[in-house]
Amino acid sequence: MTALAEPASERRDTAGLVARRLPGHALEAPFYVSDEFLALDLAAVFSRHWIFVATEAEVPEAGDYVTIDVGPYSVIVLRDDDEQVRALHNVCRHRGSRILHDAAGSVGNLVCGYHQWTYSTDGTLMHAGQQAPGFDKSCFGLKQVAVRSVEGLIFVCLAADPPADFDDVAARITPYLAPHQLRTTKVAAQEDLIEHANWKLVMENNRECYHCEAGHPELTCTFFPTYGYADDEIPKRLLPAHSRYLEATSELERECDARGFPYALISELSGRPTGFRVRREALDGAGESYTRDGRAASRILLGDLDTPRMGRLSLHFQPNSWFHFLGDHIVTFSVLPLAADRTLVRTTWLVHADAVEGVDYDPATLTEVWHQTNAQDGAFVARAQAGVRDPAYSPGPYAPTETDVEEFVAWYIERLKEYANR
Amino acid sequence: MTALAEPASERRDTAGLVARRLPGHALEAPFYVSDEFLALDLAAVFSRHWIFVATEAEVPEAGDYVTIDVGPYSVIVLRDDDEQVRALHNVCRHRGSRILHDAAGSVGNLVCGYHQWTYSTDGTLMHAGQQAPGFDKSCFGLKQVAVRSVEGLIFVCLAADPPADFDDVAARITPYLAPHQLRTTKVAAQEDLIEHANWKLVMENNRECYHCEAGHPELTCTFFPTYGYADDEIPKRLLPAHSRYLEATSELERECDARGFPYALISELSGRPTGFRVRREALDGAGESYTRDGRAASRILLGDLDTPRMGRLSLHFQPNSWFHFLGDHIVTFSVLPLAADRTLVRTTWLVHADAVEGVDYDPATLTEVWHQTNAQDGAFVARAQAGVRDPAYSPGPYAPTETDVEEFVAWYIERLKEYANR
Amino acid sequence: MTALAEPASERRDTAGLVARRLPGHALEAPFYVSDEFLALDLAAVFSRHWIFVATEAEVPEAGDYVTIDVGPYSVIVLRDDDEQVRALHNVCRHRGSRILHDAAGSVGNLVCGYHQWTYSTDGTLMHAGQQAPGFDKSCFGLKQVAVRSVEGLIFVCLAADPPADFDDVAARITPYLAPHQLRTTKVAAQEDLIEHANWKLVMENNRECYHCEAGHPELTCTFFPTYGYADDEIPKRLLPAHSRYLEATSELERECDARGFPYALISELSGRPTGFRVRREALDGAGESYTRDGRAASRILLGDLDTPRMGRLSLHFQPNSWFHFLGDHIVTFSVLPLAADRTLVRTTWLVHADAVEGVDYDPATLTEVWHQTNAQDGAFVARAQAGVRDPAYSPGPYAPTETDVEEFVAWYIERLKEYANR
């Protein structure tokens, strides 16, 4: 149900709503509740930008695939017979049937079960039963989807002309990610959570930690309590914690410098199609990983790392993902809209391919912090969704700690404007 | 699904449908089935009139609250720290989160769980974390909703300019209600029933007893079987019942006159924004209450009443409520639309605050008649909803006993016209 | 959810989509997924053509009825007090309530449970409580629906002016159906399957057997494996099967000629309002019935038949039905849209009225082939529905064996054009 007290005509005036968006404030209700904006978001954002969908660790062998629903699209991400990661539309060229029905699996060829049209793993149509003279198989291969892997993170773009600035972003984030060698990891756990909120509320929630102190007791175990304060605004009671933070940060930077790992913040979350933010930061507690005590959750370190105290390499990507690379594991997040008020959040935990479950890592310990944090966030955004659809809702001002929320919304508005002027 | 055989354009021509409504006949299908009319009803009726939502007995102490959903709105009805009944929009002024999530409870302050914005019980913003310089807390109090209590019946109006004729109505019904002293009662039982019909079918069903004889065996135990007949049309077989009715009525009027209680019918169900109807009438059987045998269901009489034989004081209110005040208990009904074809009917039974459950009253006996009657009505209106969406449906004529249905519909059409011309 | 990547305006341009339909190819996505086309299909196809809904065996006695939902309509099909099959709208003429609530049953009169309006089995209003002077009961009979029975197959048409060519079709198919004497059968089993696909995908699936070889192992037990091949294209490996087919066909034709039963193909699936196709064909295996081994499933032959080897008399009817008449039983199929992506398929198995369950026939054996085939088809069309709503879907070409699919689609497009020009 859309915001009923507003006339439908106003609710559907997406261009007007985009034009009058007030910087520094949350979006107006129709952005979060109307089917018109869901359709616009799918067309202008999800169909035209690079979307994170999976990792190479999920398709390790030729023939391995995952299927990903991006709105009404189903995309097959698979490793083809030449060991290349490839993405294909999961739609038979005959009468449109889905070809693969499972979320993940392994195939020899891609065979449509309806009339046995058979495609090779690169999408070429090999067999199609009896056809009329003049039928040209080469015209009926599966449609290709643009795909890129950055250090094992797989991004797809549904557009024919994907944003060209992705190469630049890939080049700049690669040195940050490389030491963790994602391509030598395996999936230790994966969790799909359906949050009852618009995808943008899910992203906005991720882009600030104003709600963390009261809302995320597990996550904040490894956050310095000065998080969010400017250096000259630290309250007196937090000065000891601030010293701890400065010391841990110096140590992390020394270790990185010694190994040639970059750590400085790059924040280009808006102002470009492929908005991103990357930084390596120290963790509080034992300083090793996202666990309650901050100790590593897996005994086998990633890549060639020789210390678990590498802090967290955090990468944020517009429009739909974020990532934390720790010394012992990687956790990835993808956000995909299911409806105006329902969103899939997929969380994947990766450990070294040689790590043995029950010996080197305990999945419950590995996943605890983000499992709890996701559940808490799911409750927060569901309550926000219920509220923003109330006709009494009016967008409030963002606090100084909500800068990256503002950046996300600013990026989103830029993209809608760019789409309108295309 | 809307009425599919009609073109969408016609279905959406709400103004044309309002203009051509045939007096004395049921409404055309789109009024009951289309999302356009649901939106219009919420905007023109539920957002602009006084809506009954709760009783003071539900919020006896400072900090006690109930939350009420009126279409997409959530309204907090609470008793503030000054013991006043107050109504607030349940929407945080920061990023719109719902503040209260339960249907009822008790609070000290109103704290939004998302970022800990904290409001006092009168809606004032007290704390809002770190904010930018220039942030003015006084601009971000919870939005107020107009609220009035008439002898403990709580009405809210979502409009900035509520109908002014409410004061007149309140003044005229107060003497009818006052002897029952609702403010000294407590809630003995409450039942929420979701009926699968448009809210107007629910109201129309309530506004006639043509269907009672065959449809409500429990309710009609205390109805004189001459109900619905004009005095000069009583069938011969019902003459004894008619004598009984006349005698009971004379007795009731004598008792009322002796105590200064008004009983005469006032019926202004249409022709004004705050349509209402009030009357005290005799009951058949023991004549005391809405029970199978007509005897009181609670041993403690309400207020200062000295006899249970006070008949039923029945109050009907446009657009969404009706009430029966008996000597021993009060029963209130509120009707709130959930969707074009789904409606919440909340029934609340109130007894004297000193009555002890299991000693002075048995909840099963107290609620039996209206519990059964509600269930029967729920089935009737669901079957009507299924029928009116059939393209073969054409509005039939109201019978002479359906006068108050016609009044309800006439009031409704008046309100839509007034809204269109505002 | 409709096809989100397309602008709504394009999706709703039903006329443009009809006009540009490419012959020999599947329909574009909006035909299968949009609510606009569902509404158009109900208005242009289901409300204006003869729709198969039931058999006379389902209403054997006066007062017996079935209720059938055709989109938002509910139609009562009953045998009236004069033993005639009659169809009435299931909508009370007072305030629109449904009168009958069960899928099937038996009544004396038709009594609306809401206010006791009472109609005779021919729809005449007999009683309506107290009414105002001038109320004319003869104006408020139940609305009639056009109805025809062809050898016991009951068709209704919701239009005031049903297609006139039905008489011609009835006359031409009657000699094919007559030997099986449906009116002397009884219902042995009935199965309602909700398929998660548009009704046209359900029909298209029925109109080809390209998918049978891999998809329907039970059904193809009695199909000659040369099905779908032209006589001059039989692969060498199938020549023995082809000889078997030719021999069985000759035998069937001799037997039919001896009894005066027609068997030749009449195929007029498009080019007329009442499109149809009828033919008697030989079965492989024992050649008697739709069972795994081809033997009769009921020991009592239908009508006056003296041999079970009568092959299958197959009748296809636009828009919503098909039928197989065997020597020992009849199976009928009706297809009714529930939503753009949900369709009811009702399958009814009829055996001789004298056949005794458990003695003359085993319901599990009787229903096995089509129960399995329906379930398989339900899965196929659900996967097609998921695919055609994908923006990557583009209609592919029909194969030579999909001629009757093309005929169905061509008929459908003709009907939409005729409706637009009415």
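Quick notes
Here the chain labels run A, B and C in written order, and each chain numbers its own residues starting at 1.
Heads up, the rule we're going with is that contacts are C-beta pairs under 8 Å (C-beta built on N, C-alpha and C of every residue); 3 or more make two chains touch, one makes a residue touch a chain.
By chain, with names taken from UniProt: A, B, C = Rieske 2Fe-2S family protein.
Since we're looking at a predicted model, the values are computed, not measured.
The two copies, subunit A (Rieske 2Fe-2S family protein) and subunit C (Rieske 2Fe-2S family protein), are related by a rotation of 120°, based on C-alpha atoms and rounded to the nearest 5. Taken over every residue number at the interface, the positions common to subunit A (Rieske 2Fe-2S family protein) and subunit B (Rieske 2Fe-2S family protein) amount to under half, indicating a different-residue contact. Each chain gets one centre point, the mean of its Cα atoms, and the points for subunit A (Rieske 2Fe-2S family protein) and subunit B (Rieske 2Fe-2S family protein) are 48 Å apart.
Looking at subunit C (Rieske 2Fe-2S family protein), no residue sits in touch with two or more other chains.
Taken in their complex, subunit A (Rieske 2Fe-2S family protein) has these residues touching subunit B (Rieske 2Fe-2S family protein): 1, 3-5, 7-8, 26, 29, 204, 210-211, 214-215, 228, 380, 383-384, 386-397, 399-401. Subunit C (Rieske 2Fe-2S family protein) contributes residues 36, 38-39, 42-43, 47, 71-74, 89-98, 101, 113-116, 128-132, 135, 140, 143, 339 to its touches with subunit B (Rieske 2Fe-2S family protein) in the complex.
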